[in-house]
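Labels for the chains are A, B, C, D, E, F, G, H, I, J, K, L, M and N, by order of writing; each one numbers its residues from 1.
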Amino acid sequence: MGLLAAGIGAGIVALGAGLGIGMIGKAATESIARQPEASGDIRGAMILTAAFIEGVALLGAVICILLALGIGQ
Amino acid sequence: MGLLAAGIGAGIVALGAGLGIGMIGKAATESIARQPEASGDIRGAMILTAAFIEGVALLGAVICILLALGIGQ
Amino acid sequence: MGLLAAGIGAGIVALGAGLGIGMIGKAATESIARQPEASGDIRGAMILTAAFIEGVALLGAVICILLALGIGQ
Amino acid sequence: MGLLAAGIGAGIVALGAGLGIGMIGKAATESIARQPEASGDIRGAMILTAAFIEGVALLGAVICILLALGIGQ
Amino acid sequence: MGLLAAGIGAGIVALGAGLGIGMIGKAATESIARQPEASGDIRGAMILTAAFIEGVALLGAVICILLALGIGQ
Amino acid sequence: MGLLAAGIGAGIVALGAGLGIGMIGKAATESIARQPEASGDIRGAMILTAAFIEGVALLGAVICILLALGIGQ
Amino acid sequence: MGLLAAGIGAGIVALGAGLGIGMIGKAATESIARQPEASGDIRGAMILTAAFIEGVALLGAVICILLALGIGQ
Amino acid sequence: MGLLAAGIGAGIVALGAGLGIGMIGKAATESIARQPEASGDIRGAMILTAAFIEGVALLGAVICILLALGIGQ
Amino acid sequence: MGLLAAGIGAGIVALGAGLGIGMIGKAATESIARQPEASGDIRGAMILTAAFIEGVALLGAVICILLALGIGQ
Amino acid sequence: MGLLAAGIGAGIVALGAGLGIGMIGKAATESIARQPEASGDIRGAMILTAAFIEGVALLGAVICILLALGIGQ
Amino acid sequence: MGLLAAGIGAGIVALGAGLGIGMIGKAATESIARQPEASGDIRGAMILTAAFIEGVALLGAVICILLALGIGQ
Amino acid sequence: MGLLAAGIGAGIVALGAGLGIGMIGKAATESIARQPEASGDIRGAMILTAAFIEGVALLGAVICILLALGIGQ
Amino acid sequence: MGLLAAGIGAGIVALGAGLGIGMIGKAATESIARQPEASGDIRGAMILTAAFIEGVALLGAVICILLALGIGQ
Amino acid sequence: MGLLAAGIGAGIVALGAGLGIGMIGKAATESIARQPEASGDIRGAMILTAAFIEGVALLGAVICILLALGIGQ
C-alpha cells in the first residue's frame, strides 16, 4: 500500500508543481515582455510564489520517499 | 490504508497548493507589469492570500505525515 | 477506513481552499492594479470571502484530524 | 463506511464552498475595483450569496461530523 | 451503505449549491457594478434563482440526514 | 444498494439543478443589468426554464426519497 | 442493482436536463435583453428545444421509476 | 446487470440529448435575436439537427427500456 | 456483461452524437443568421457532416441492440 | 469480457467520431458563411479530414462487431 | 483481458484520432476561408499532420485487432 | 494484465499523439493562412515538434506491441 | 502488475509529452508567423523547452520498458 | 504494488512536467515574438521556472525508479 501510494503520490505532486509553477512562469515571461523595465519586481514575485509551491511539493515528495523506503511503517 | 492515504493525500495537497498559489502568482506578476507603482499593495495581497492557502496545505501535509509515520493509529 | 479518509479528505480540503482562495487572490491583485485607490475596500472583500472559505476548510481539516487520530470511533 | 464518508465528504464540501465563494469573491473584488461607489450594494449581494453557500456547506459539514463521531449509527 | 452515501452525497450537494449560487452571486455583483440603479431588479432575480437551488440542495441534504441517522432503513 | 443510490443520486440531482439554474440566474441578472426595461420578459423566460429544470430535479429527488425510505423494494 | 441504477440514473438525468435547459435559458434571457422586440420568436424556439430535452429526460426518469419500484424485473 | 445498465444508460442518454439540443437551442435563440428576419431558415436548421439527436437518443432510450423490462434476455 | 455494455454503450453513443451534431447545429444556425443568402451551402455542409456522425452512431446503436437482445453470444 | 468491450468501445468510437467530425462541421459551416465563394475548397478539406476520422472510426466499429459476434475468440 | 482491451482501446484510439484530426480540419477550413489563395500550402500542412496522427492511430488499431483475434497470446 | 495494458495503453498513446499533433497542425495551418510568406519556417517548426511527439508515441506503441505479443514476460 | 503499469504508464507518458510539446509547437508556429525575423530566438526557446519535456518523457518511457521486460523485479 | 505505482507514477510525472514546461515554453516563444529585444530576461525567467519543475519531476522519477527496481522494499 505504501509503495503504491509513493509512486502515484509522487506523480500527483509533480503534476501540482508543474501546473502551478507553469502558470507562474507563463505569466512572468509574458509580463517581462510587456513591461521589461519592471523585470526586477516581477522576478521577485515569481520566485516568491514559486518557492511557496516548491516548498509544499518537496514536503510531499519527502513523504513519498518515506513511504517508498518503508520508513515509519 | 493510512499509508495509501498519506501518499495520495500529499499529492492532492500539493496539487491544491500548486493551482491556488499558481493562480495568485500569475495574477501578481501580470498586475505588477501593468501597474508597477502599486507593487507594494499587490505584493501584500499576494502574500496574504498565498499564506491562507499555505496554511491549509501545511495542515494537510502534517496530517499526511502523521499517517505516514503511523502516529495515532 | 478512517485513515484512508483522513488523508484523501485532507487533500481535497486543501484543493478546495487552494482553488477558492486562489481565485480571490487572483482577482484582488488584478483589481488593486486596476484601481489602486480602492485597495482598502478590495482588501476588505478579499479577506471576508477568504475567511468564509478558510472557515469551512479548517472545519474539514479538523474532521480529518479527528479521523487520523482515531477520536470518536 | 461512515468514517470513509466523513473524510471524503468533508473534502468535497470544502471544495464546493471554496469554488462557490471563490467565484463570488473574485467577482466582488473586481466589481468594487470597477465601480467603487457601489461597494455597499456589491458587498450586500456578496455576503447574501456567500451565506447561502456557507449554510449548505456547514450543514454538509455537520453531517460529516455526525458520521465521524459515529452518532446515529 | 447508507452512511457512505450520506457523506459523499452531502459533499456533492454542497458542491452543486456552491457552483450554482456562486455563478449567480458572481453575475449579480458584476451586474450591480455595471448598472447600480437596477440593483433592486437584479437582487430580486438573484434571490429567486438562488432560492430554487437552495430548495433542491436542502432537500438533498435532508435525504442525507435521513441516511446518516438511519431513519427509514 | 438503494441507500447508496439515494445519497449519491440526491447529490447529483442537486449538482444538475445547481449548474442549470445557476447558468440561468447568471444570464438573467446580467441581462437585466444590460436592458432594465425588458426585465418583465426576462424574468418570464427565467422562471419558465428554471421551472423545467426544477421539475426534473424534484422528480429525481422524489425517486431518491423513495429509495431512502425503502418504498417499493 | 436496479435500485442502485435508479438513484444514480435519476441524478444523471437531472444533470443532463439541468445543463441543457440551463444553456437554453441562459441564451434566451440574453437574447431577449439584446432584442426585446423578437421575444415571441425567441420564446418559441426556447420552448421547442427545451421540450425536446424535457421529453428525453422524463422518459429517462420514467425508466428510473420503473427500476425503483421493481416493475418488470 | 441489465437493470444497472438501464438506469445509468438512460441517464447518459439524457445527458447527451441535453447537452446537444441545449447547444442548438442556445445558438438558435441567439441567432434569432441577431437576425430576426431569417428566423424561418434558422428554425428549420434547428429542428433538423435536433431531430437527428432526438432520433439517436430515443433509440438509446428504447434499448434501456428493453433492458429495464428484461426483454430479450 | 453484454447487457451492461448495451445500456452504457447506448448512452455514450447518444452522448457522442449529441455533442457532435449539437456543435454542427449550433454553428449552422449561427452561420445562417450571419449570412442568410448562403443558407443552401451551409445546409448542405451541415447535413453532410451530421450524416457522417449519424452513420457511426447508428452503427454503434446497432451493436448495442445486438448485445441487448443476446444475438451472437 | 468481449461483450462488455464491444458495447463500451462502440460508444467511445461514436464519441470520438462525433466530437471530431462535429468540430470539422462546425468550422466548415462557419467558414462558408464567412467566405461563400471559397465553398468548394472548404468542402474539399472538410470531406478529406472527415474521411480520415470516419476511416479510423469504422475500423474501430468493425473491431467491436468482431467482439460482439464472438469472432476470433 | 485481451478482448476487453481490444474494444476499449479501439474506442480511445478513435477518440484520439477524432479529436486530433478534428482540430486540424477545423483550423484548415477556417484558414482557407480566411486566405483562399494559400489553400495549397494549407492543404499540404493539413495532410502532413493528419497523416502523422493517422499513422499512430492505425498502429494502435492494429494492436487492438491483434488482441481481438487472439494473435500472440 | 499485459494484454489489458497493451490495448488501453495503445489507445492513450494515440490520444496523446492526436491531441499534441492536432494542436500543432491547427496552429500551423492558421499561421500559414496569416503569414503565407513565412510558410517555410513554419513548416520547419511544425515538423520538428511533431517529430518529437511522434518519437515518444512510437516508443510507447512499441512497448504496447511488446506487451501484446508477450515478449519479455 | 508491472505489465499493466508498463502499458498504461507508456500511454500517459505519451499523453504528457504530446500535450506539452504540442502547446510549445503551437505557440512557436504562431510566433514565427507573427514575427518572422525573430525565428532564430523562437526556435531556440522552442527546442530548449521541448528538450526538457522530452527528457522527462524518455526517462518515464525507460521506466516502462524496464517494467515491460521484467528487469529489476 | 510497487511496480504498478512505478509505471503509473512515471506517467503522471511526465504529464505534470509536460503540461507545466509546455505552458512556460508556449509563453516564452510568444513573448519573444512580441518583444524580441527582451529575449535575454525572458529566457532567464523561462529557464528558472522550468528548472523548478524539472527538479520536482526528476525527484518524482527517481522515486519511480526506486520502486521499479525494488530498492528499499
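By our rule, contacts are C-beta pairs under 8 Å (C-beta built on N, C-alpha and C of every residue); 3 or more make two chains touch, one makes a residue touch a chain.
Source: prediction; values computed, not measured.
Colleague: On the document's contact criterion, could you list the chains that touch chain F and likewise touch chain K?
Modeller: For chain F paired with chain K, there are no chains in contact with each.
Colleague: Going by the stated contact rule, which chains contact chain B and chain J alike?
Modeller: Chains touching both chain B and chain J: none.
Colleague: Chain E and chain M are the same sequence; what rotation (0 to 180°, nearest 5) superposes their CA atoms?
Modeller: 155
Colleague: Counting only Cα atoms for the centres, state how far chain G is from chain J in Å.
Modeller: 27
Colleague: Can you check how far apart chain D and chain E are, centre to centre, with Cα atoms defining each centre and the answer in Å?
Modeller: 10
Colleague: Any idea how many Å lie between the Cα centroids of chain I and chain M?
Modeller: Spacing between the chain centres: roughly 34 Å.
Colleague: Could you say which residues in chain E touch two or more other chains, in rising order?
Modeller: 1, 4-13, 15-24, 26-28, 30, 32, 34, 42, 46, 50, 57, 64
Colleague: Considering only which chains touch which, how would you classify the arrangement: line, ring, star, complete or other?
Modeller: ring
Colleague: Which residues, counting only chain B, touch chain A once they are in their complex?
Modeller: Those residues of chain B that touch chain A are 1, 3-30, 32-34, 36, 39, 42-43, 46-47, 50, 54, 57-58, 61, 64-65, 68-70.
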